[in-house]
Structures are given as structure tokens and as C-alpha cells.
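Think of it as A, B and C in the order they're written, each chain with its own count starting at 1.
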Amino acid sequence: MHTLKAMGLGHRFGQRVLFRRMTLKVHGGEVLAVTGANGVGKSTLLKILAGVLRPTTGHVSLQVNGHIEVPETHPLQVGFVAPYMNVYEDLTGWENLQFIAQARGLPLPEVRIQKALQAVGLAARAQERVRTFSSGMKQRMKIAAATLTNPPVLILDEPTVNMDAQGQALCADVVADAKVRGCIVVIASNVPADYQGADHVVAIEDYGPKGQGGGFDTVPPEPLL
Amino acid sequence: MKPPVMKHWLRGAWAVLCKDLRLELRSRYVLNALLVFVLSALLVVVLAAGADRADARVQAGLLWIVILFAAGLGLGRAFVAEEDWGTALLLRLNTAGSMVYAGKLAFSLVTVFAVNIVLVTAFLVLLSVEVLHVGLLAATLILGTVGLSGTTTLLAAIIARTARSGPLLPMLLFPLLMPLLLAAVEATHLSFAGNAAGAWTAAASALLAMTGFAGVVIAASVLLFDYVWLD
Amino acid sequence: MMQHSFAEVHYARIRLVIVLWMTAVLLAGFSFGGYAVNIPRISILEHTARNLYFHVPMWFTMMALTALSAWHSLRCLQTGSPLRDIRARAAAQAAVVFGLLGLATGSFWAHYTWYEGTNIWWNFDPKQSMALVQVLIYAAYFALRSALDDPVKRARISAVYNVFAFATVPFLLYVLPRQMESLHPGAEGNPAFSEITHPVMRLVFYPAVIGFIGIGWLLYHQRVRAARLAARWASRTQPEM
């Protein structure tokens, strides 16, 4: 069982308070949706939850199979898809995944890479440089990079941007698959279709300079379907 | 999960190095820029300073000035490129900081060393310098390359975190490299003009200073790198 | 809430002590046409030898402030405290002031003694070069700071540079003296400090060192207070975290 907890989280950029007094807890198999207008700190919150940004106050802890991750290894447990994170454009799709597998020392790299590329529908173009891909294909490539290691935490920032209907269906599949595997899924989006059926929703504005902060809204939105 | 053990760590650093080498061989961005720069700078120095008629001390100084400026101009991209490509986060999520530092340092060593070999060959040919102690010159170049790369790699990581990185690297780099530069010039001078028997002995303290410098900057970089690399 | 250290509570008193101390040092060194503490005449230097009371303490003060700055930068990395960053920057600023004053007093001194009648203002003396490099390092440190927008990042990244630079300085101390000739006592061919400095000069010299370090501390402390007030003012409209 995996658990992602945040206690009394607050973050400032310069003197400006983005959010404060945020406490939340997500278990494996659950989806947390983060909503809010552009610039209120959605991406900042996601980076903090991924362990790659230290919050100004409070702390985040991740338990994988009941063991607490130290801050150094926390980011290694996270698959991350975001507009501000890319794969190497001058490497081929295959080489990108090979680099990740090599850096992490994954067992059976070839089998995994092949599977990950097939899952996002890029197996046929694996030997072409990412530079030649369309933006939708690049987004699929990022999903392949994020899911290559079957991470216990999957964080998706605006995952359906640049995606056609087929791509959006792929995103939904990735989320559904992650839930089945018992992953913690965090989605930041303002497209309701992206986070329908989410177990928790956090609206950043509630924790902004004018909000009161405090507890965690556990009331899920009505599923659209 | 346990912290990375040695074998795991080496594999991570090796992966970063291989990735950088592969990207470099495809674009040849750094290598081309450095080679063109050092050769044209060398020509400028020879013609403007009349280096072909200068004494060995001045020639040694001019050689290291070219190396220093090449490093200041050409090695700043190591981390800026990762930020530009948006791949810094990919690295942070898949590797430990120390692996990235080691991989980038190794890449810098390979590049600077390759460029230095070309530069020194061209320098010796153009200026018809007779090297009396080839071994001493080689040792100086190797130690100088290690110290230079060790310093530049951490500073390159620093400037990648700034909003405007323009001419920042030379400004940060040059005052720090002063001791290395002076010792390297002294040792190089001795390799050109030292007397037959005592050149190594005379250069011993300069070589010692360069070794110590390289050791200290790399040790300090390893200790400090995570503060630069992580938010 | 600000926490008040001993120095902050008793700042005005400490300042008064330092001012009185420096007044006494100056009176001892220069009153009665310089005969209050009569110094022996050394050829070339003559009465200018009293510059020792200014020039050398400038270096001591700069070195003390440099070490202080590096120390606060190191603590800034360990604790992440914004106050450590303010202190590291203030110490660096004060160190630059004393570095420039040390360079100026040395340059003038040499020009009107050893180089009297020549056009020489600068000779590449190891200690002179060393101070210049230290000032350049701080110039780079301030340039780096101005290129970083987020205060948290600025504190951390500039602290790394400050500590890193401090680690390379000892090599300069080791390498420079073998490259250049020195006018300073103790260098090759020059008598040691203890041989040319008459005991009577030390009556003024040592108190002057203490006094200038005190002035350096005052300058540093004032800048820390001003920066803390500015930080509080800038965040006055923001809610508590």
C-alpha cells in the first residue's frame, strides 16, 4: 500500500504566497485532482508532491509498500508528465527510454522499453528522433517515459493538452491502469473530463493568500458518466 | 529503497555520460564551437601579440589564456542546455544529483582534453616551439584539464539556475581559476625552457598545486552540487 | 517576530565603545605631530611608516569579513535560513569596502615611497593581487545574485558560489608568492615584520587592528539591520504562512 501525505504545506515565490496550510493524504489506487487558474501554483504543488521542490513550510512524505522514502529517493518513485518536462529531442524514442532504463539500472530493459512504446502506440516509430514527432506523439513519448518504471506515484500536469480524441482516451487508459495497479495518481487540469471520477479534488484558490486553508476536501465531484 | 550503491551509482553516471556523448556526436555543437574558437583565438594571439617572437614564459601564458577563454565560452552549456530542452526535470526524476555531476564532469573532461590536444598541436606547429620535456607538458595539460573541468562543471550548473546567463560564466570562472592558471603557466614554461635535468623538480610545486586544486574543487563540487541541482 | 541578539540590543553602546577606541588609537598614533608615540625613522619610509596603522588592519578586517561571509553562506546551505543569506551578503559588501581601502592605502604608500619620482602606482605584489582577486570574486558574487530572481534560490545558489570560491583561495596564497616579487615584509630579501617594526609601533598597531575590525563589524551589522527591515517591509502585506 502506498500513501502520499502533505502536512501544513505552504509555498512562497519571492514575497508572494501561492498557497498555505494545505494538508492532504492520498492512498494507492486513488486519484487526486488539482484545479485552479493558471499561475496560482498548480505546477508548483505537483513539483512539491514529486519531491523535486522543497516547500517553504510543511513537508511531504511518501510511503511505498509501507516504507517511508527518504527525500533523496522520493523523486525516483514518481512518473511525471508535464508541458515543462521533455524527453531528449535529438535522441530516438528508443534511446530516450534506454537512457532512463540504464540510469536506473532496470532489469530486462529491452522488454520493458518495447512494452512501454507499444502501450502508447509508438513502437513503429521507435527508431526515429523525437524531434520529428508531432506534438501529440511527443506527449505520448512523455507518458512512455513516465510509466516505463511502473512508478508508485504518477503525476500528470495538463495531460491532454495537444492530444486528439485518441490521445485523450490513452490518458484515461493510463490513469485507469495506474489505479488498478494501486498507484497514487495526481492530475492537475482545468478540463473536467480529465479528472472525472477523482477521489479527491483540491482547488488551489482555497489555500491561496485569501483562503483559510486547513482541512482537505474529500468530497469527490459527481462522475460525468 | 536503499540509497544507491557504488555499482548502481557508476551505472547512472555512465548513462549520463553516454547520453551526452551521443547528443554531442549528433549536433557537434560544443566541439565545433570550441575548436573554431581555440584555433581562431590562437591565430589572433599569434598575430596580435607577436607570440612567435615572444619568450617561452609569454608563450606559455598565451596558450593558457586561450584555454581559459575557450572554457569560459564553450563549457557553459552543459546544464543550460538541459534547462532549455526542458529535460532537467527528467534527469532529476530518474537519477541522483551526484550521478549527473559525475557524468557531466566526465563529458567535460573528454571534450576539453580533445580540444586541448588539437590546440597544443596547432600551437607548437604555428610557433615552432621546441618542447624539451614532453612528459611534463602532458602532465600539466592533464592536471589543468581536470582542474578546469571540475571548476567549470559546478559553475555551469550554477548559471543554468539564473534567469540571464549571458556572460556570467567567465565572470564567475576567471577569478577562481587564477591559482590554476598561474601554476599551469609556470609548469608549461618549464616544459618549454627548463634545463634538462631539473625541470621536473622545478615544476614539482606547481604540479602539486594543480593536483591539490583539482582535488579540492572536485571534492567541494560533489559536496555542493545538490544545493545547486535540487530546488 | 524578530529575535534580538546581544549585539542588536546593545548596538548603540558597542558603537560608542568602538568610536572611542578608534579615537584613542588615532590620538596615540598622530597627536603632538606624531610624537605621542614616537616611531624610529626607517630609510625611505620615514613618517609614512604610520600608514601601517591603517593599511595592515584593512587586510585583517577584509580577511575576517571574508571568513565571516563564507561561514554564513555555509550555514545558509545547512539551515536554509534567509537571515544567513542577509549576513553573508552584508559581510561580503563590507569586505569589498575594506579590500578597496587596503588596495588604495597600499598603492598610495608604495607610490610615494619606493616609487617616488616614477609613474608606478601598481606592482604585481602577491598580497595586492590576492586582494584584487578577492574583490573580483565578490564582484562576481554580486553579479550572480542580481541574475537570480527568487530570493530562496538566490540565497542558496549564491551561497554555493561563495563557499566554493572560499575553498580555492588558499591555493592563491600558495601559488602567488612564487610567481611575483613582494615589497611586503617576510618575502624573499625583505626583513620579517618583527625586524622592521619597532616595539613602540605595536602599541598603536595592535589596538588599530582591533579598532578596524570593530568598524568592519559596525558596517556589517548596520547592513544586516537595514536588510532585515527591508525584508519585513516587503512582506508586510503577505499573510503568515
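Here is the rule we use: a contact is a pair of C-beta atoms (placed from the backbone, for glycine too) under 8 Å apart; a residue touches a chain by one contact, two chains touch by 3 or more.
Since the structure is predicted, the reported quantities are computational estimates derived from the model, not experimental observations.
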From chain B, the most remote chain by mean C-alpha position: A
Chain with minimal offset from the mean of all protein Cα atoms: B
Pair joined by more contacting C-beta pairs (B-C or A-C): B-C
Chain A and chain B, separation of their C-alpha mean positions in angstrom: 38
Distance from the mean Cα position of chain C to that of chain B, given in whole angstrom: 32
Approximate Å spacing (C-alpha centroids) for the pair chain A, chain C: 51
Sites on chain A at which at least two other chains make contact: 54
Residues of chain B engaged with two or more neighbouring chains: 231
Multi-chain contact sites of chain C, meaning residues that touch two or more partners: 149
Chain B-touching residues of chain A, taken from the complex the two chains share: 47, 50, 52-54, 64, 67, 69-70, 72-73, 75-80, 82, 84-91, 95, 99-100, 102-105, 145
Chain A to chain C touching residues, read off their complex: 10, 12-17, 20-21, 54, 56-57, 209
Complex interface listing, chain B residues touching chain A: 1, 3, 8, 11-12, 14-16, 18-19, 22-23, 26-27, 85-87, 89-90, 92-96, 99, 230-231
Residues of chain B defined as touching chain C within the complex: 151, 154-155, 158-159, 161-165, 168, 171-172, 174-176, 178-180, 182-183, 186, 205-206, 209, 212-213, 216-217, 220-221, 224, 227-228, 231
Touching residues (chain side chain C, partner chain B) in the complex: 77, 133, 136-137, 139-140, 143-144, 147-149, 153, 156-157, 159-161, 163-165, 167-168, 171-172, 174-176, 178-179
